[in-house]
Every structure is written in C-alpha cells, then in structure tokens.
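What follows is a set of structures to go through.
Here subunit A shows up in two complexes: once beside subunit B, once beside subunit C.
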Partner chain A sequence: MAKRTDPSRFFYQPIIAVLSLTSLVLTVYVVWLSLRDLSLMRAGRDTFVGIDNYIRFFNDPRGLWALWRTVLFTVLATSIEVVLGLAIVLFLDRNFALKRLVRTLLLVPIIMTPVVVGLTWRFIFDPASGMANYLLSRLGFDAMDWLGSPQVALYSVLIADIWQWTPFVILLSMAALDSAPSDPLDAARVDGAREWQVTWYVLLPMLRRAIAIVALIRAIDSIKAFDLFYIMTRGGPALSTETLNFYGYVVAFTNFEISYSLTVALILTIFTNVALLAMYGVLFPKNGEPR
Partner chain B sequence: MLNRRIFMTATTAAAIFACLSAPVFAQDKPFDGVQLSVLMEGHPTTDAIQKLLPEFKTVTGIDVALEVVPEQDITAKMLLELSSKSGRYDVVQNNIIYVPGFVKNGYIVPLDEQLAKYPQFFDKADFVPGYFNTNVVDGKVYGLPVYGESTFLMYRKDLFEQYGLTEPKTFDDVEKAAKTISEKTNKEIAGITMRGRQGIEGVYVWAAYLWGMGGSFLDENGKSNLATPEGTKALDDFARVLKSYGPVGVANFGWEENRLLFQQGKAAMTLDATVNGAYNEDPAASSVVGKVGYVPVPVQTQSPKGGSSSLAVHSLYVTADSQNAEAAALFAAWATAKEQQLKSMASDPNSGVTSLTALNGESFGKRYGAFKEAMITAINQGNPQYLPTIEQANEVINNTGIAVSKVLAGTATAADALKEADQANNAAIGR
Partner chain C sequence: MAQLSIRDVRKSYGSVAVLNDISIEVEEGAFVVLLGPSGCGKSTLLHAIAGLHEIGSGSIVIGGRDVTDLPARERDVAMVFQSYALYPTMSVRENIGFPLKMRGLDKKAISESVDRVAAILQIEPLLERRPRELSGGQRQRVAIGRALVRDPKLFLFDEPLSNLDAALRGDLRAEIKRLHQRIKRTMVYVTHDQIEAMTLATKIVILNRGVVQQIGTPQEIYFNPANLFVARFIGSPPITLLEGKTANRNGELLFKLSNSDVELSMPQSTNLAGDETETILGLRPENIQIVREGNASLSATVDLVEPTGPEDIVTLNVQGAPSVIRTAAGMTTQGSSVGLELDLGKALLFESGSGTRLS
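Our next item is the complex of A and B:
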C-alpha cells in the first residue's frame, strides 16, 4: 500500500493520463478514418466502407511486397549492425592511445542528419563519377549500377544504413562493457579458459541485456526507416526499394488517399508490435534472469 | 535604463500611431494593411517575385507572407489545407494537371470579375495563348500562368557533324544516331540520356514516346489504355535505346543527373524540358555552350492523338476559402504582369516567362536565343493533355512510372507492365 501514499504519483499520473488519452483518441480517429474512403481529391464526399481498405491491402501485391521488403530490410539491418557493432566493440576493448578520439569519431555518422547521409551515399554510389565505382575499378572489377539496378538498390541503401547506425550499437555496447565487472573474466582466465571461451561464455552473456535493447531500438528504427529511401531511391527502380512505410507515404502524398494510407500505417503498426513482442519474449524470457 | 524606457515608449507610440493613421492613406489603396498568405514553388520565378514584394507593398499596401515549398511537395501541402477549408492560403501555385480536380471540388474560384478591375496589371493579350488557355474551364479564367515550359530534343551539333548524322525527326532516327555515336566513341559518350527514375520524372519524358508513337494515356471513355500496340512499342523503344546506348545508372536518373551529364558533354542527345536550354547555354556551368541543336520532340506516326511535346504551366490560383479574394486576385495579376516578368528575367535565370512582351524582348533573345525558336515551336505544339489532367492524375502517373521503371530495369516486359499499370489506373479512376 506504500504506492498509494507515494506523493510522486501526482507528478507522473497526470502525464500518463494525458499521454494515454492522446494516443487513445488518435488511434480511435485513425481506425475510424481507415474505415472510410477519404481522399484529399474528394473532400466532403467520403463514405463509410467498412473493412474494404483492409481487404484491399491483402489483395494489393504492391503493398504485400512492400511489407516483405520491410521485413527483409529490418532483419538484415538489425542483425548486421548488431554483429558488426559487437565485433568492433570487442576489437576496441583494449587500451590504446587514440581510444577517446576513435570514440568521438564514431559519433559522427549518428549525429549527421539522414538527409545528408543519403545525399552523400547517393554521390558515392553515382555510377559515372562516384567513389564506389572508382574503388571497384581500382580493384579490377566492373562498374556496378548501385542505385539503378533493382537487384542491388535495396542493399545499397542497406549499406548506408549500416554505415550510419553501427556506431550506435558500438556506443551502447561499449558503455555496457565498461560498466561490466572484470572479475568474472579474470576468474575464467585463471580457471584456464581460452580467450575466445572467455568472450563467448562470460563476456557476451554479461552484455546480453544491453545487446537486446540495442537490437530492439535498431529494429524499431529500421521498420520506420524513411529518410534514406526518400533521398536515395524514392522507392525505385521498379519498386525494388519501396518499403511499407514508404508505400504508405506514396499512397497519402502522391495518391492523396488518406484512408488507405492510414490502413497501411495501421497494418504496419500491428505487424511491428507483434514482431517486437515476439522479439522481446525471446530476448527477455519471463522465468528468471538470463543465464 | 531610462534610455531604454524612452525607446520602448517611443516605439509603442509609433506603432499605435501607425495603426491609427493607416486608414488616412487608404483612399487610393483599398487593401492597405491586408495580409495575404501565398504558397509558391521553389523556382527562379518565385525568387524573383519574392525580391519584388516590397514594390507590391508600396503600390497596394498589401503585406504578402510568402511560403516557398519544393514543387513535389506543394500539392499535398495545399490539399491538406484546401480539403479542410482552413483558409490558410489566399493564393496557391500549382501545375495545370490539377486544375480540373480543383475546380470540381470547389477549391479555387474564377477570377474574371476581379481581374477586369485591374487592367493596369492584367493584360490577357500579353500572355502566351497556349499557357493562358490551360486555366480556362467552362469559359472562366481560374488562374494566371507564372511560368511555363515544354519539352524538346537537344543534340550535339558537333558530334552529329563529325559522324555524318542529320537532325533526328523520328524516334528511329534518334535510336540510329544514339547507336552510331555510342559505338563510334566506344561508349565514351552516351548516345542519349533521359530521365529514367521511377515516378513523374520518368513518365514526363516517356510520355513523349507514348504520344509520338500514336498512343495516349486514356481512351475516349476516360479509361486508362496504355497496353496498346503503340504504348507497348513506345515503352519498348524507350527502354531499349536507354539500356543499349544510355549512360550507366540511367534507371535512377532524375532531372538533375540527366541535365548535368549532358552539360558535361558526356551524352550526345537528351529529351527534356525547355528550361534545360538555359543551363546548356550558361558558360559558367556548361561545357557545351553553342554546340547544342534544339529540335521539336520527334514523332513516329503521321496521325498522333496528341502532340509529343509537353505543355507544363504553373499558375497562381485564388482559393475558395480566402478571406481576401479580391486582394488575392490583385496579387496574382501583379505577380504575372509583364513589368514583373521583365524584371524577373534580369534578376533570375527565368526562361519560362509567360508574357509575350518578355518572351519577344531583347533580353530574352540575348540570353536564350540559341533555343528560343525551338522553344516557341514546342510551346505552340505543346499538348495540354500531355500528362492526364484528371482527378486521379497523380496516381495514374505514379502507376505508369512503375511500369516504365520495371521495363527499364528489365524486371518485366512492356506489355505486362503496361497491362498492370492499366489495371491499377482503372481501379483508381473507378474508386
């Protein structure tokens, strides 16, 4: 009963109430709009259409492909960034002269706005005068059409995303690593464990929570990724980089179909929540602390 | 401190005096003190008008709050306000393709009555007729053209001479010339470059092939009808010439990339907007000054359903929910008057003037003489239906853009891609 008398509730309860009310009202409004056929080109002439928009989505190959691309992009971006980030952290986990400088430099991509990152990479990937093809030519390979080929474009955007967000993984894992006790590692070494065993069986399990949080944040961000796609490819060529988030944007701001766009957004939200809950369940098992 | 207090008092007094005294000067300026909110596209003409706003204030006493937004975002931005009847903007600028939809929805109002009151600014006879008439719906004038353009084919005269080629008149000529130059230069110079990026970019240029082959976006019943033999050939030819003789990465080329490549002399031909001429002939930015020939967009068939050069006109419209409709119409008339257009050419690279006086003036001839004639021919042949002007225009263009992009990227055949686009378009039109 201590909770009831805790005076700090006067600070957080009103905020929680306002926040929940806002999201509740907005969600209800969005759901209501998604049951109509509101279009900016037919203002005032919208009617109630029930679940037609939802049926339309599941019969809309363009939307379903976009959903698949979102899944592909999220899985690849998150896993590569986490694995790569961890590898770099383990590599950097020693004392060397320029450690502070390296840490500061790692912040640069995170601080840059995605628009600048997108433009920079668009120039790097320019087929005629970009640095990427120059590098390939120096290495003796043929020029690649990085953003103009539907087989490659999504991965080119992925490279930019990895470049920008791997440092974020590094930073958070580094902080976790620094605050982790070093005694268990020493104990394992005294017991005769090899260095890779120390890393795999002792160090990584200690970082598990931090890694899980980082992976969750990255997954949420990748699902919502928009800026890089908007700047680098605009969903092209041949729809090969159109994610569900981008498709929702096109439906709303190119086709002006507000209701269908909100339907797409709602479906994305539902999928995201289900996926993240599942991920959360795996990363943070209910019974007991992670081993 | 005392100084500051005196200053504050004086300022306040001056402000109050200014407010009180305003009506005194109001006799010859009925709109003195009126605030207008105007939404315009990021474009050289807008920059020029912005610089001239103090003059407008002096003449009419009207304060203009100008908001400038990139062209691609402007429609969504204004539609959000227009559809909610917020009255946020008094004057908006947009492309003519939206006019029928805007009129049908009652978003914009006719201007005839108001314009008649301001003959000192509004001179119908001075507008390029092809531009002006695009804003006339059911005999009423809904907007005034700020800038306009068409499309033409630009080719490198020096290269054509070197390889014994003549100026292209049909799309077969284009392909032959592209092949020759691409092969003779060992692909050092691209035979042709055009915008291939998915969306309106690619469609804007591909539509030249569509009309030139004898196709059209819509049939007589207003249904999307792209997957015809003409449409299929148009897309096949467009994709083939770009894939075989175009630059690497053309599938992601927008207006900018395409223009730069041609300006740098790395391509022998390009089909694009007439405004590109101004960039080609700019010695500061171009290495092909004086080497470019300008000819009308080719046609393949003797009996096209519509011209193969575009007519893109961007005009000012007065919104239905404006509280100051007359002041808004006055602004539109002033901003498009010949005096302002003449001044705009001096201050900004504006080859899209809509005033005949400006177009035939000395300054235009001096700057843009290299392509002036071809541009005027293109405008006169310009097809107002070049892009479909229906309510669902944006969606139809988007779907068509996907088809163009798919064929260019080689992930679908022209027939299949266009059939798919027709289905999506007709679903949108029927919705």
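Our next item is the complex of A and C:
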C-alpha cells in the first residue's frame, strides 16, 4: 500500500532529509578537517596536508597500541559478558521464587553512574586497603597492584566493565528465554536429548538472534568505552590502559591537535563499522538461518 | 500384557488436584483416545506418561518396565505436541533426524530413515525447508514424521489436529487412522473432539476434572454411558434430557415429567429407583420420532429448524426442556406443534443429583 501518493511521506521525509543532511555535512566537515593540520596551538594557521595525518597514525606506535588495546578490550569484554551472562541465565531455573527481586537487583549496576562504578572499583582495587587484595590474602595469594601495574590494569578495568554490564546480558537473555517456546525443549527431551543437548541443539539456536543483538550492543559500547578508563586509570599506568577512544581524547584535549584527533576518531569509526559489519554478516546471513 | 499401565496416578498443582487416581490399561497395538473438555487434565496426563513432569503418586509402566522415575529420554516414547514443537532453527530433515542423532546413529543411517519416513508422509519436497516455511498441515506431518522415525514403544498425540481447519482435519484424521492400521503401534491420543475420538479409537477414556468417567469402546461409550456427564458429552446432536420423578405403580415403573402431568410407562425394571426419586431420562436423537399429534405420547413445539440438505436438525421444546433431533428434510416448520414417539426401551435413566446411571 506504500504508494508514492501516501501522504504520510510528508511527515517522515523531511525528518530523514534533515538527519541525513546533518550526518553528511558533519562527516564531510570532519573528513575535511582530518586532511588539514588544525591545532589549537597554531590557531588560524592550518594548511591542507592531504593524508599526512593518516600516514602519521600508521607510523604512530602509541596510536597502534591503543588500537590493539581497543580490540583486546572489546573482544574480551563482549565475549566474557555474553558467555557469563548466558551461563548464569541457563543455570538459574526458568521459574525461581525470587525472580522478580533478582531482576530488580540486576538493574542496579546498569543504572549506576560510571563515576560511582569507577570509584567503587578503585576502592576495591586499592593495593593497601582494597577488598580485592584482602580476598587474595584470605585465599593465600600475594597482593596485586591492580591498577598500578601495566600488566594488570587493563584487566582490572575489564573486571569492572564485566561487573557493570553482565547484568545487561542476563536481563536481555532472560527476556528472550521467557518468550521462547518451551514445547520444543520438551520435544527434544522426549526425542532422547540430555539436558545439555537440549540447551545446545535446541535452546541456544532459538536464542541466537537475541544473543547476537546483545553481543552487538556490547561490542559497540566496549569500543567506545571511555568513562571507566577515565575514572579508574586515565589511560595509565605507562599508557597501559589507553584505548583508541581515549587516545583520541588525549590528542585533542591535552595536545590540542584537533585534526589528528579527528583522524584517530575516523579510523576508530571505520574500524568499528568494518568489524560490526563482519560480525553482522556472520550472525545474520542474508539467506536463511546460519548453519 | 498391557503395553501401558497407568496405576493410581495423582498430580496436583499446589492445592489443585489435576489428576485424581487415574488408572488405565492399554493393550499392545491399541488406539486409546483420552477425551474430555478443555482443562480436564488430558495434557497433564500425557506429559506424565512422557516423563515431562513428575507425578504426585502412582506408577506408570511402559512395555513391562516401571518408568515412573525415569526421565523422558529413557522412556522410549514419541510425542506429537499440540503446538507441533518443531525445532525452529533446524530444517525438516534435521527435525525428523534429531531423535536418531540423539541415539548416536551415523549420518548415513539417519538420512536413510528420514527419507523412508518422508516417503510415507509424502513430505520429500519439504525436507530442506525450515518449519516457518511450512503450512499447518505440513508442520503436523513433520511432527508425526519425527515420531515415526524411531519406532518407539508408544506414540503420544496431544490434540495434533486442533490447530487445523476443518477440511484438513478430516484428511489428517483419516491419515492417522490408516497409519495406525499400517504400523500397528500402541497410540495414546488426546482430544476434546468427540468425532475424532469416535472415529479413531479402539478404546476411549473419558476424563472430567481429572477423574476417569468411563473406559470403553466407542460403541459402549455411546450406547451405554456410565453417567450423565458421559451421556451429555458424547453424541451429536446431544442427548435429550428430561427431568422428572419415578414412581412405582402395580409393579410398573412410571416416569412423571416435571412441570406437566405427562406420565411415561417405562419398560425398565421397577426396582431400579425408589418411589418419587428425582430422575433424569435420557434419549438419543435417533430414539425420538415425530408423529401425528393424536398418536403421540408427548407433545412439543418446534423452536428451530436447521436444514443440512437431506435432513433437518430440529430443536424442539419438550415441556420446557430442549431436545435436538434429526428429521427428513421439510418435515416440520418453525413454531408448529408436533407429537413425539419415544423409544423408551432405549431410554437411559440417571439419578438427578449425582448423575449416576440407574438403568
């Protein structure tokens, strides 16, 4: 029925036009700036430099390391949160007594502001008085410098991120599980499947789409993660937790190199899109269900 | 030896008893239909047989083996669900092959069995499709195929036709009957549709509120109902029920119709009911004939005439009680007054309060 004469197009077409125009203009402007050498230290004296900024990035070890950390953090955070969240959902009974209460409690980390989450975890990871080291000592391990050691700090932020965002995975998976039909699971049991086979062959494939969307959301969020890094480590120690997003911020607001910072942001955007499109292609193939 | 024995099975959800002391014996090769109104516990019983939920007490024996405490996968039954319960992410081929895959058969053997079953059910062209690309009737066949593929001790069907339109239902009903005659396996079939029950069953179990009302062949259930519930539930058009009191006069049993002075002389034995017992008299439609008013034992008015072609379905008002019968087409007109001839030898008498059968 969506003919060209459909008058509702007068409502949506202007909105689409304005939105497209804004993104287009902004993108073009950013690309244009990334081809110059605009810096707040030399205001008004910027010149056209072509792709020098891009060449600079691929010869900038600090930038490449930041990119690598972003990849590492995104892959680890997304996969651990999705697997852990799913495992928790599957191990919890489908209908347990305190389900509503648990659901409400799960919301707490999600709605907590990053400042509170970050500060809380900084206290927990405090080498002298933190709970993490207390726990380690009770278990008979040596104390760790959670946020002070370059080898450990990224993983400490990861732990905080997992704590904050696994409940999100749990919440969405629970909803997907509740709306999935239960008869096929019973059918599989009658057909001779053990419980793990019911989960593996029937339940998880049914939840596949929901899981894919959760993973996608978590991946996008992890790539852009900034708040926890800013509050917990500010990229340190020794740049060991500096992600690409954070590096872009440093370049812009510490070094005032606006053009180079925008270049970093553009590279992050391109990288994100390529990664997500690839992920999307794997999870939602065009013809039918994935194998 | 019975293929399936259900012994004193009880089940409650909280304080609500859903199954109450159910005992059923099913012989090898029988086609047993569990028939009852919605919510009477049919699915619950079937799920209990399949092992999908625990029972409160009692035992279930399949093929001579007590399976009461065994999980579903060790019971060797196959089940066709009301919702078909196909695996949505698998192709038809994978759906049908799944039970064999779970039994560890190799790919070649699975593929051959799937092809054999697909040929029986004529679904070969559908094998590579997904369930959501199938019509209701096709899904139903796939569900049956998944049950057929592995030759279980027992087949369970939970209202497999209730989601289909009337024409398809008739076709598939006939197909299931042919299938049973061909493979001669024990089947337990749940339905709330009495036509399905009467046409398919070798034995019908009537359930109401979790209690077995009667177990018998379709003929026994129809002609010899154990109580008022069964008499009412079975038969289309439904049985005509007249309220009244019995009386004993000179060794003759009289039935005095309520709200009128009509007295019917019953051929049944007088010692069935005491004097002045509140009784309900039941007559199947075929035992009520329309005759000229002068010769009639009873008069009635015609409330509604529904022509169906060769015959009319006529709703009568018999001294305030509704009665639906079949007549030759065009015999009556709405609003007219007619006489009735009752074949009282075939009448069924029930105690008014309890509904227990008297004769």
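Basically, the second predicted complex is superposed on the first by the 281 of 291 C-alpha atoms of A that agree within 3 Å, B and C clash if a C-alpha of one lies under 4 Å from a C-alpha of the other, contacts with A are read in each partner's own complex, and residues count from 1 in each chain.
The rule is short, and it goes like this: a residue touches a chain if its C-beta (ideal position, glycine included) is under 8 Å from a C-beta of that chain, and two chains touch if they have at least 3 such contacts.
Predicted, not measured: the structure shown is a model, and the values here were computed from it.
*Asks:* When the two structures are overlaid on chain A, which partner does A:Pro109 contact: first (subunit B), second (subunit C), both, or neither?
*Replies:* So A:Pro109 meets neither subunit B nor subunit C here.
*Asks:* Counting touched residues of subunit A, say whether subunit B or subunit C comes out ahead.
*Replies:* B
*Asks:* Under the stated touch criterion, which partner chain does A:Val190 make contact with: subunit B (first), subunit C (second), both, or neither?
*Replies:* The answer is second: A:Val190 touches subunit C but not subunit B.
*Asks:* Check the residue A:Val202 against both partner chains and state whether it touches subunit B (first), subunit C (second), both, or neither.
*Replies:* second
*Asks:* Can A:Asp126 be said to touch subunit B (first), subunit C (second), both, or neither?
*Replies:* first
*Asks:* A:Pro181 contacts which: subunit B (first), subunit C (second), both, neither?
*Replies:* Once the two structures are laid over each other on A, A:Pro181 reaches subunit C alone.
*Asks:* Flag every residue of subunit A that touches subunit C in the complex, lowest number first.
*Replies:* 181, 183-184, 186-194, 197, 201-202, 205-206, 208, 288-289
*Asks:* Once bound in the complex, which stretches of subunit A touch subunit B?
*Replies:* 37, 39-44, 62, 126-128, 143, 145-150, 153, 233-240, 250, 252-257
*Asks:* Using the touch definition up top, name the residues of subunit B that touch subunit A in the complex.
*Replies:* 73, 76, 79-80, 82-85, 101, 105, 196-199, 247-253, 257, 261, 266, 391-392, 394-395, 398, 402, 405-406, 408-412, 424, 428, 431
*Asks:* Over in the complex, which subunit C residues touch subunit A? Could you list them?
*Replies:* Touch list, subunit C to subunit A: 47, 50-52, 71-73, 75, 77-79, 81, 83-90, 98-99, 102-103, 130, 146.
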